[in-house]
Amino acid sequence: MSVDMTVRIGGLQLRGPVMAASGTFGYGTEVPLLERRALGAMVSKGIFLKPRHGTAPPRIAETPSGMLNAIGLQGPGAEALIRDYAPQWAGWEFPVLVNINGESVSDYGELAARLDGVPGVAGFEVNISCPNVEQGGMYFGNDPRAAAAVTEAVRRRTRLPVWVKLTPMVADIGVIARAVESAGADAVSAVNTFVGMSMDINAYHPRLSFGTGGLSGPAIRPLAVHLAHQAARAVDIPVIGVGGIMRAEDALEFLIAGCTAVQVGTATFVNPKAIADVHDGIAAYLATKGFASLAELPRYLPRD
Amino acid sequence: MFLTDARVEGRRQVARAMWVITLDAPEVAATVKAGQFVNLGLNPGPLLRRPFSVYRAIEDRIEVILQAVGAGTAQLLALREGDLVSCLGPLGRGFEIRSGGRSAVLISGGLGVAPMPVAARDARAAGLQVTWVHGARSAEDLCSESDGDAVIVATDDGSAGFAGTSVAAAPDADLVLACGPNRMLAAVAGRWPDAQVAVETYMGCGTGVCLGCAVPLKRGGYDLACTEGPVYRAGDVDWAALPSHLHYAATA
Amino acid sequence: MSVDMTVRIGGLQLRGPVMAASGTFGYGTEVPLLERRALGAMVSKGIFLKPRHGTAPPRIAETPSGMLNAIGLQGPGAEALIRDYAPQWAGWEFPVLVNINGESVSDYGELAARLDGVPGVAGFEVNISCPNVEQGGMYFGNDPRAAAAVTEAVRRRTRLPVWVKLTPMVADIGVIARAVESAGADAVSAVNTFVGMSMDINAYHPRLSFGTGGLSGPAIRPLAVHLAHQAARAVDIPVIGVGGIMRAEDALEFLIAGCTAVQVGTATFVNPKAIADVHDGIAAYLATKGFASLAELPRYLPRD
Amino acid sequence: MFLTDARVEGRRQVARAMWVITLDAPEVAATVKAGQFVNLGLNPGPLLRRPFSVYRAIEDRIEVILQAVGAGTAQLLALREGDLVSCLGPLGRGFEIRSGGRSAVLISGGLGVAPMPVAARDARAAGLQVTWVHGARSAEDLCSESDGDAVIVATDDGSAGFAGTSVAAAPDADLVLACGPNRMLAAVAGRWPDAQVAVETYMGCGTGVCLGCAVPLKRGGYDLACTEGPVYRAGDVDWAALPSHLHYAATA
């Protein structure tokens, strides 16, 4: 039995609910052994307007069922992206969204404007986990006003779908989700990595050169499911669940918790075929349960 | 690049606490070049795969040489014949061994011996006369195997061969290939900027997507060890900015 | 070589830096195969003034390198604790602190007053991860004013040491840590469990009857190390690190990150001898490094 | 209570997808009572230990009967002779088997057979005449072993013995002991409130400190299955409030 796996997310129709998470799939041209058929969409590695070298090594450290990373958004900047990658994306059979970053509200707006209309760019995922340099380094993502301001700045410069990637480092994710919804976001992705630290007990300082890093992988899954669920309860726009998905069963937790789609990140590092495995596993599960489409999957989404 | 469940075919000891395990991985064995590596995954086991140079490739099998430095390597060494281990590879750009020139010197420190048997094979095939220089802390830490034409041995404590580092013990040659702790490779860079050295970095994916394996370059910015390396021209690497205290380096 | 493992924490001198974390050691009378010699201190299971039945099963769910729990602070209440447990504690060679809980500021104060002076009760660990029922269920722990009010209420009713157990579900743990320090806390414990959720994909609802649960275990360690470090940077009172400690190496990460002592929780479920193993492992590490005392261990504690 | 690294001594199949593994655990073997369990830990493996009834105790060895329902059980079944598994036990209060009365009936559903061989042994030792009633979904799911005096077989699909549940197939007796899915035990409670039943709950520690294994009681409040159970008087448990959909129950 073939199951209808399509989903609609804020202006985009996807053939399946499983996407590649930003920063774990490069620009889609690097991944080995890729089974493209399974990709609902791809979110590019996060970029800034200008090229960035990223942080000094060590950039990653393994932890129980997880990893810390502090890549520092190494990337080629908008011009190189437009020149080298977007033309390739234009020919692909699934949409590619660009994960955009900035140190000020206007940075985000400018980047969106520069990429808007470029063939191959199907939409934006606005990463608000960056420090707001104008306001003393506080994160855009844990201040509802700053999060809304960034969303609005992007919204005003493009007609393409605008998704906002939420950070988990907040006291109440529902407040931020509602703020970006009001500011015009078409969807939210929940969540980005959690700030963590690991010490080198022989060197007496952090393992990562940057000190702290973002925790990803299965370790964070129960936290991410909860936050995605909280976001889904708070807003009417679709929520894309991210965090620790290794297998179809994990993705199904997010979908049942109220997410419309999911992103797979760290799993790709371990299993280059993770996205296809998750996609196929969801289809097989739905078939076993007798559902004709993903839309029929029961959701657990009590509203307050 | 191939992804297979490789069967463990055997294990043998080659130095104090140093072992070679044999894996059935036909596609990797058929295509691997000197200096390339495989990424081994265990389940149950640590989340991330572990990178290992291919030590030798014989018919359908590859060999990997390792020491237990942490949970992953301990678990690999506890595998028994018939167990399966997920194997992704071959990965990375290996040594560039071209005909031209007459002599090659292969310099290894500790586990840095790993890529040398295949390098020696390829260098010989390219018509070069091969000299190995293999160093370790002391006699018992020297790898007991060598497929090379001539082996010069060096030990830090002077318990065997030359008393000092393998770099100090090495003769000049037209082609210099080196592998070992990063601080040893920095010394190689000082003497032969054109040497090809296989560096080590922490790796998240081994395939170029996580950007975790940054190698700082003299010209500024970073390269990815897993796809643009792990072999570099020694003079291109910014050695001062490359961490030298990875576990492997610490125990080699 | 015998290493001096003693530590001083807000009024208490402990023979070692490793304590039993609240809720993972019962009242100290249940733990099997216990090696008491290794215990620096014990924090009792959290209690309320009145007895509580706790939540319906299922109360726990396993996750990658972690577990979720929603026990609901099942406990016998203050009178039974005074009658059944405190007399036993009075004879023990290490201090026992009571983890106290309430639904209102006055609950906390009353409980402290009732337990103050009871032989066997050496101090209090104030758990501010409870919902503040008077103020509509917001947590005491993520509002600096509420956290300070609770601390003050307890401080006013006792001369015993008052430690405050911080919740990780905050945007900036330093703010809360400073608030309770100003309100008179002698130390802070960082951190309590992280709120998470796990879905039963066959039943389409959460695995735990309560819906959400608190995540503990090695999965949270990098997050807990970071939060404990942030707390240690923010205050001058001692910080006790908690979260995912299974082995001595893990405890050392917290100590190097600026903690004065540590608590071991979930590890005891897996290995009843975990506390002794951690204690002995720290001593062995210090001896190998040539330190004569724990106090000599280098700390990584840059101040802003 | 003992904590040991128990050596795996063997494995045999006793039904479709059901196996018995033998562990060397002398102290546990010497002290275990019917209905008690051990908590097995794997490293590498899942964080928490896994509870299993002791199926038999023979000299220095204990046996555990199991099915692969998830990662932990799958890993236990993949162990080979000589592997070690951490074993904590015996845990819990077992069946109370007193002399007095003439007959005992042992009722098991699926893997609920687990505590019965030791229970039969102890009941016989107490001078009781033992009848076993063992039920499963179909003939292939019935445990092929029995140490009992007489075995009545029941299958849901009627493919062997009585067509229906083991509870329906069981005769009355002075002592009724039962183990199986919680919903089967609820049926036992309906017929024999004084029966002793071994319930199952998720467990965090198995030793009474996590409060994770709550068993709701008719009189209100909760008991801990790991220390006050897992054996209860059937009439004391609030069956409606006890989850019946644990994995094990789902596959039994």
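All chains are identified by letter, namely A, B, C and D, in their written order; residue positions are counted from 1 within each chain.
Please note the rule applied: a residue touches a chain if its C-beta (ideal position, glycine included) is under 8 Å from a C-beta of that chain, and two chains touch if they have at least 3 such contacts.
Small disclaimer: the values here were computed from a predicted structure and weren't measured.
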{"item": "Shortest contact path, subunit B to subunit C, counted in steps", "value": "2"}
{"item": "Between subunit D and subunit A, distance of the C-alpha-averaged centres to the nearest whole Å", "value": "46"}
{"item": "Centroid spacing, where centroids are CA-atom means, of subunit B and subunit D in whole angstrom", "value": "52"}
{"item": "Distance from subunit D to subunit C - Cα centre to Cα centre, in angstrom", "value": "36"}
{"item": "Where subunit C touches two or more other chains, by residue", "value": "64-66, 217-218"}
{"item": "Where subunit B touches two or more other chains at once, by residue number", "value": "46"}
{"item": "Chain contact topology (line, ring, star, complete or other)", "value": "ring"}
{"item": "Listing of all chain pairs that touch each other, if any do", "value": "A-B, A-C, B-D, C-D"}
{"item": "Touching residues (chain side subunit B, partner subunit A) in the complex", "value": "1, 3, 41, 46-49, 88, 201-216, 220-222, 227, 241-243, 245, 250"}
{"item": "Partner subunit D, residues of subunit B touching it in the complex", "value": "42, 44-46, 71, 75, 80"}
{"item": "Subunit B-facing residues of subunit A, complex", "value": "23-26, 30-33, 45, 53-62, 64-67, 69, 71, 74, 200, 202-203, 209, 217-218, 266, 268-273"}
{"item": "Partner subunit A, residues of subunit C touching it in the complex", "value": "63-66, 68, 142, 169-171, 194-199, 201, 204-206, 212-213, 215, 217-223, 225-226, 229, 244, 249, 252-253, 256-257, 285, 298-300"}
